[in-house]
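See below for the structure under consideration.
We just call them A, B, C, D and E in the order they show up, numbering each chain from 1.
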Amino acid sequence: MTQRIVIPFGPQHPVLPEPIHFDLVLEDEHVVEALPTIGYVHRGLERLIEKREYPEYVYIVERTCGICSFIHSLTYCQGIEQIMGIEVPERAHFLRTIWSEYSRLHSHLLWLGCFADGIGFENLFMGAWRIRESILDVLEQTTGGRVIQSSCKVGGVRRDISAEKLDQMARDLDGIQKEIEDLTTVFLQDDSIRHRLKNVGVLSKEDAYHLGAVGPTARGSGVAIDLRQTGYAAYDKLHFEAVTEKDGDCYARCAVRARELFTSIDLIKQAIAKIPEGPVDIKVTGAPNGEYFSRSEQPRGELVHYLRGNGTKFLARSRIRTPTLTNVPPLVKMIQGCELADVPVIILSIDPCIGCMER
Amino acid sequence: MNELLFLIGFPAIIAILMLFIHKDKLRNYIVIPSAVIIGVASIWLLISCFNKNTILYAFPFEPASKIMYIIELLLAIFILYLGIKYRKTLTVALVLIQAGLLVFFETYLSSGMHPENNLFVDQFSIIMAMIIGIIGSLICVYALGYMDTYHKHHTEVKDRKNIFFFILFIFLSSMFGLVFSNNLLWVFFFWEVTTICSFILIGYSQTPEATNNAFLALAMNLLGGVAFMVALIYIGIIDPSGKLLELNTLIMSGQAIALVPAVLICFAGITKAALMPFSSWLVGAMVAPTPVSALLHSSTMVKAGVYIIVRFSPVLAGSLEGFLIALVGGFTFLLASSMAISQSNAKKVLAYSTIANLGLIVACAGIGTYKLMWAAILLIIFHAIAKSLLFLCVGTVENRIGSRDIDDMSGLIVRMPKIAVMMFIGIAGMFLAPFGMLISKWAAIEAFIVAPLGLLFVAILAFGGSITVFFWAKWMGKIISVPQVMERIEDTVTKEKWAVLYILAGLTVVVCLIFPLISSVLVEPFILNIYGQTAQLAQANITIMVMMLFLLMIMPFSMLFYRDGQKYVGPYMGGMTTTPTMQFTGAMGTVRDTTMGNYYLKNYFGEDKLFMIGTVLCLGILIFAVILTAGVVL
Amino acid sequence: MIPIVNAIIYILLAPIIGGLVAGIDRKVTARMQGRVGPPLLQPFYDVGKLFEKETVVVTISQNFHVLSYLVFMAVSGALFFSGGDFLLVIFAFTLSHIFLVLGAYSSYSPYSHVGAERELIQIIAYEPMIILTAVGMYLVTQSFNISDIIASSVPVIMYLPGVFVGYLMVLTIKLRKSPFDLSTSHHAHQEIVKGVTTDFSGPNLAKIEIAHWYEYVVLLGVVYLFFGFNPIIAIAAIIIAYFLEIVIDNTFSRAKWQMTLKTAWLIAGAIGIVNLATLYYLRGGVWL
Amino acid sequence: MKYEAQTTTLVEVGRLIGRVEQFRSDGCRLVQISATKNGEMYEINYSFDKDYKFENIRITIPIDQEVPSISGMYWGAFVYENEMHDLFGIQVKGINIDYKGNLIKTTIKYPFGAGAVLKGEKP
Amino acid sequence: MTYLSKSPWILHYDASSCNGCDIEVLAALTPVYDVERFGIVNTGNPKHADVFLITGGINSQNVEIVKNLYEQMPNPKVVVAIGICAASGGVFRECYNVSGGIDTVIPVDVYVPGCAARPESIIDGVVTALGILEQKKLAMNVNPGTGKKSPGET
């Protein structure tokens, strides 16, 4: 009987800046057992709901995760607005949509970079993050924040974007699109990348659906779940198709995200073209009483904020179900029987956001 | 001549004595001095004969041959009995064939034969005698302590130590006989005795597995014996006078006459040296107590196989048959080295490494240029020493920790520091510069490169040599990777064992230092005698090697400078805190041991797959060689 | 006398050259990634810094292994530059690497352990090709001695193009460049943290770095041998070869060990051996 | 802007498994499981989705009652159920991968459960 | 002037931040900010690191890990707490699972403000840390650290 290698993979490991731990049991480099430990980033922010009034709680919600912070605030605000029956001005919906898609662009580029680094392709990492900086510049110019924007509030948004700025953004997107095309071509065509990604961490369509995979993880396996199709914010007025791939391997998930970059650019352009004039917020009074499962599509997949008001300024319950949490069971399935070299790749392929997951 | 007779006869007498001694103490009192005597006698042989070339002795043929004939028939009956008892059809058939051939030979051919020079000694014999006399008798001494512990641990095995030591000494005696006999009929006799000795030793524990493996070894060696017998009959037919039965005459008689018997005898040598496709017997022989493995695989038995092939090497040189035999050796080297990667059992690693190195020796001998012969003889010397040291180290460790698995040897450097250091020396001796095996491989590369069709073998060496790095280095790594807290458990090893291990470890190093001397005194004159020219390593390189060896020996002292000013922290565990015994709290709150297994790369170097390839390949080549030889005869 | 002088010059100068090469490497890499990159002398700062740090060890024997690695690397380089036997250089080279591997094993960290096993896989992957390189040199120049090879006016590269390609592959492994930076790499390694060097720190890590520099010079010295007939071309070839390695590093993702082993053996087996066999044949067939 | 229609159905604990099986056979995916403390009771929401149609079933249990695991039907449910146990102290019976309280380790036990005290508060 | 300030290698750990500061730390490595200009390399291994960049208020499960990583770094070393959470716990300081700033666990040398801290401030923080690193080195030369043996060693 040969001995096995037991590796504590994390919590501190260069593959992810955030802590997550796997007990990897290896035979040679073959993973025979991999069990995750989470909870290194658990702060317990859901209970802060009892200490913050509902408009103020937006700041906490935004800091669930620094990557998709805008979409967290959007989802929360939409939930409160639904419970309270607030009609938000149409321009605010469009602005929210634009910022959501910019968030998605920055998140996907960030992921592509980290993923490239995960397979030892440092040059692409640098390339992806260079493009990402131009996205962050736009976010900073329009909201004031690079990664945490704080521009969404209950009842609308805090800032308007001028028409000239919107035009300029639309124009700049053409250049960015060109750069992204070059980048994703390498990602999807390079043989050494294909070698690392094809048939690695395969998740079948059935598994993806029933294990609860969402977002690009599900879409990579051919499950077309994209919550933007439900038409929240201004998505009901924009046209797009959910991007799916069939194979369910790391390559497919990578391809989904690469292609979604273009969907996002397209959506932003549509939104800029269709954005109506008008105010961007309305005054909100009163307190929410009721409950709602507010759902949206984060870069990592379906996000659910369960909100429950009791008629006071303090909500009774906020429960944030993030896409990474529900992508963990598929991850556990994918990682079994892979190679050690695939472990970081597979973990990265669900685009884990541990900060989100553990709240 | 008296030295030779003493070396053959003395162990035989001790052997018979052993049969009647049942008391451990008394046995110790006899074995140790006799081992010393045998060792001294072989050194004496060296001193008295090293400066002479081949010396032939006219020992009377008739009476001795008759006695041998009778013993052989008795042994055949013994095997026949066992074969029928255990229902081993193949063995029975082979024994019957072999005995039939022998009777045919004795009845129809031997009457007219009168070989005169039945014993001889030359430098090669001296080298072999030294290996047998020193290493073989050291192993006998080691076996004393080992077998005590063995029987304490394996109470289910019946204590038959008297027979065990009887066979050990018979083994030594017959090995001496084998290397001193100039008469092929006698070589055959000793050959058969070693076969049967190994059969009994492998089956010592009498478990079904041991019995099966013993019969496997027997069957394969009997097959070789049949080939040997056919060679004798062939010689008897082409030369009724029996002059060609003399080994030196046969070898000098040139390819036209000697090639057919040479190929047949080399076939026998291949079975004995456990080359593919016959390697399975040697691997199976690992069930035997460790001293047996050490004896069979380092200094005797398999060395008999390569001895005879190297002897016939001048005959093979330049012939297609020789090339084919070399090819079998080459492939065996490559494949057996690869298979060693996939093994975690230390003895199996040693077994495959043995097979590999024997393959390399045969590859050298098959091509048979003077440079290659030089390399082959160096390989025999270095391999015998380092390998026996390793076997005995593994045996000692096994006795103490109850496992021969390399994965269980982690932290050995703390648990059994002295053994670990010796194991280190042994392993380094097997594959690292500036130790012996590497010198020999280097010599082989330099020799193959100018040999006909040498590129193939250079490539085999390049790949096979690299592969050996993998399994030896990971074994070394295991010994020194220390889970933090371990206690020392070395104190129960007996004094004789220490003595044996010290001598062998010392030899491994010393022989590297004095190998230029060995080469110039023994190997080079021998080769010069045969080929008229000889090989040697360049003086500059030898100097550098020796300097490296000294550097290697003083490097460990650098540790003394690091006693102070060090901060100790635990190993990097991804931020996890570990206990001193290297446990951490993993997922689901379970406390896990940090274990570290080696890589075995089974999908690439798996035993089954490569064995199949090797068998098909080597069997094919051998069959081709046999057909070729048959073509020559007809 | 000259060989000894050469050896001494090597031992003194190689770290400087190697460090500069490493510095240029980092600078060029950064430029390829659209960055400014560190100063040219950054590798020296790094090593200087490491020597300023305290020595942290898991076990005391790590020091010994690292020192041996450095010493034998220097020895093998010195042998090379004093014109010694190529095969002996290779064996000393392997010996020094074994010490690095043993140093990694001795720390009992799973990351070091996996790094050590991978380093061994790399050794068995590249070693056949290196030996075949030496054999090729012998076939062309009839000598294993570096001094003879360098003195020969034969354009070695003309006879050994395949071997040279194989050697470039070895260079990728030895320089720890993508796609073959399995066991450790210059930046954080996403699979095994730092692999073999995980548990070395401070002065020990600095020694490993210096040993790498020694190694660079030897490896590039071998490239020189292919073009030894004309020093200018040879130096140009070294620069081009190194630049090529940087480009490869920047355009490949890391391969898995299976791929590495297969590629290395296939290149050594196919291109290297075919090249040598052709050479054998052309040389009037020592074939039979 | 569209808000989606959401239905919430109250279910008895005993019939939970049956309902979940029905969702499974209808081809719904499990969106989430979450618990809410409501006075002396816990509400547990099981949300399902098929083609963007969101359905929620809710059980209400006293604080010390055990609930059955649905990880038999939905393998991935173990994440939510373990989380529920660690944060609320709800005992879930028969989880396929039971972390036994080690999924999320918290400074205070069951921080969302009855009697959990936040920082700076007095019990 | 020592070499320390020319070649600071960093180790980065997230002790429960929201990711915002983490990605900004990474962004500092990339072309626009390119900290490798100053010789800064992200090592990912405490044993190679000189500067410990730590983000997020410390979560109870992380206490041992942060201590372990800090312990494994060879002297001289500095700790840079990045973002307001690492300084005081930030918006999460009232959370039950956050014990507060990093300084409740290990000594912090530099605090970088911001939520999320901008790459410029992170670089500034690291550069400030270098000065402290030099001072520590000088202090080390005055009192050379005495070798301490762990219980398992002989």
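By our rule, a contact is a pair of C-beta atoms (placed from the backbone, for glycine too) under 8 Å apart; a residue touches a chain by one contact, two chains touch by 3 or more.
Nothing here was measured: the structure is a model prediction, and the numbers come from that model.
Number of steps on the shortest path from chain D to chain E, with steps defined by chain touch: 1.
Any chain touching chain B that also touches chain C appears here: A, E. Ranked by distance of CA centroids from chain B, the top chain is D.
Chain pairs B-E and B-D differ in how many C-beta pairs they share in contact, with the greater number at B-E. Chain-level centrality, scored on Cα centres against the all-protein Cα centre, points to C. Taking each chain's centre as the mean of its C-alpha atoms, chain A lies 65 Å from chain B. The geometric centre of chain A is 24 Å away from that of chain D, both derived from CA atoms.
With centres taken as mean Cα positions, chain E sits 34 Å from chain C. With centres set at the average Cα position, the gap from chain A to chain E is 27 Å. In chain C, the residues that touch at least two other chains are 33-35, 54-56, 59-60, 110-111, 113, 187-189, 193, 198-199. Residues of chain B found to touch two or more other chains are 484, 565-570, 572-576, 587-588, 594, 596, 598-599, 601. Shared interface positions of chain E, defined as residues touching 2 or more other chains, are 13, 30-31, 42-47, 61, 65, 69, 72, 74-75, 94-97, 145, 153.
Here the chains touching each other pair up as A-B, A-C, A-D, A-E, B-C, B-D, B-E, C-E, D-E.
The touching residues of chain D, when paired with chain B in their complex, are 97-102.
Interface of chain A with chain D (complex): residues 35, 37-39, 42, 44, 46-47, 50-51, 78, 82, 88, 90, 93, 209-212, 225, 227, 229-234, 236, 291-293, 295, 302, 304, 306, 308, 316-317, 319, 321, 325-326, 328-330, 332-333, 358. Residue ranges of chain A in contact with chain C, taken from their complex: 5-8, 13-15, 26, 29, 116-123, 126-127, 130, 190, 192-193, 195-196, 339-344.
Interface of chain E with chain C (complex): residues 2-4, 6-9, 30-31, 34, 36-39, 41-45, 47-48, 50, 72, 74-76, 137, 140, 145, 153.
Those residues of chain B whose C-beta lies close enough to touch chain A in the complex are 344, 405, 407-408, 573-576, 584, 586-588, 592-602.
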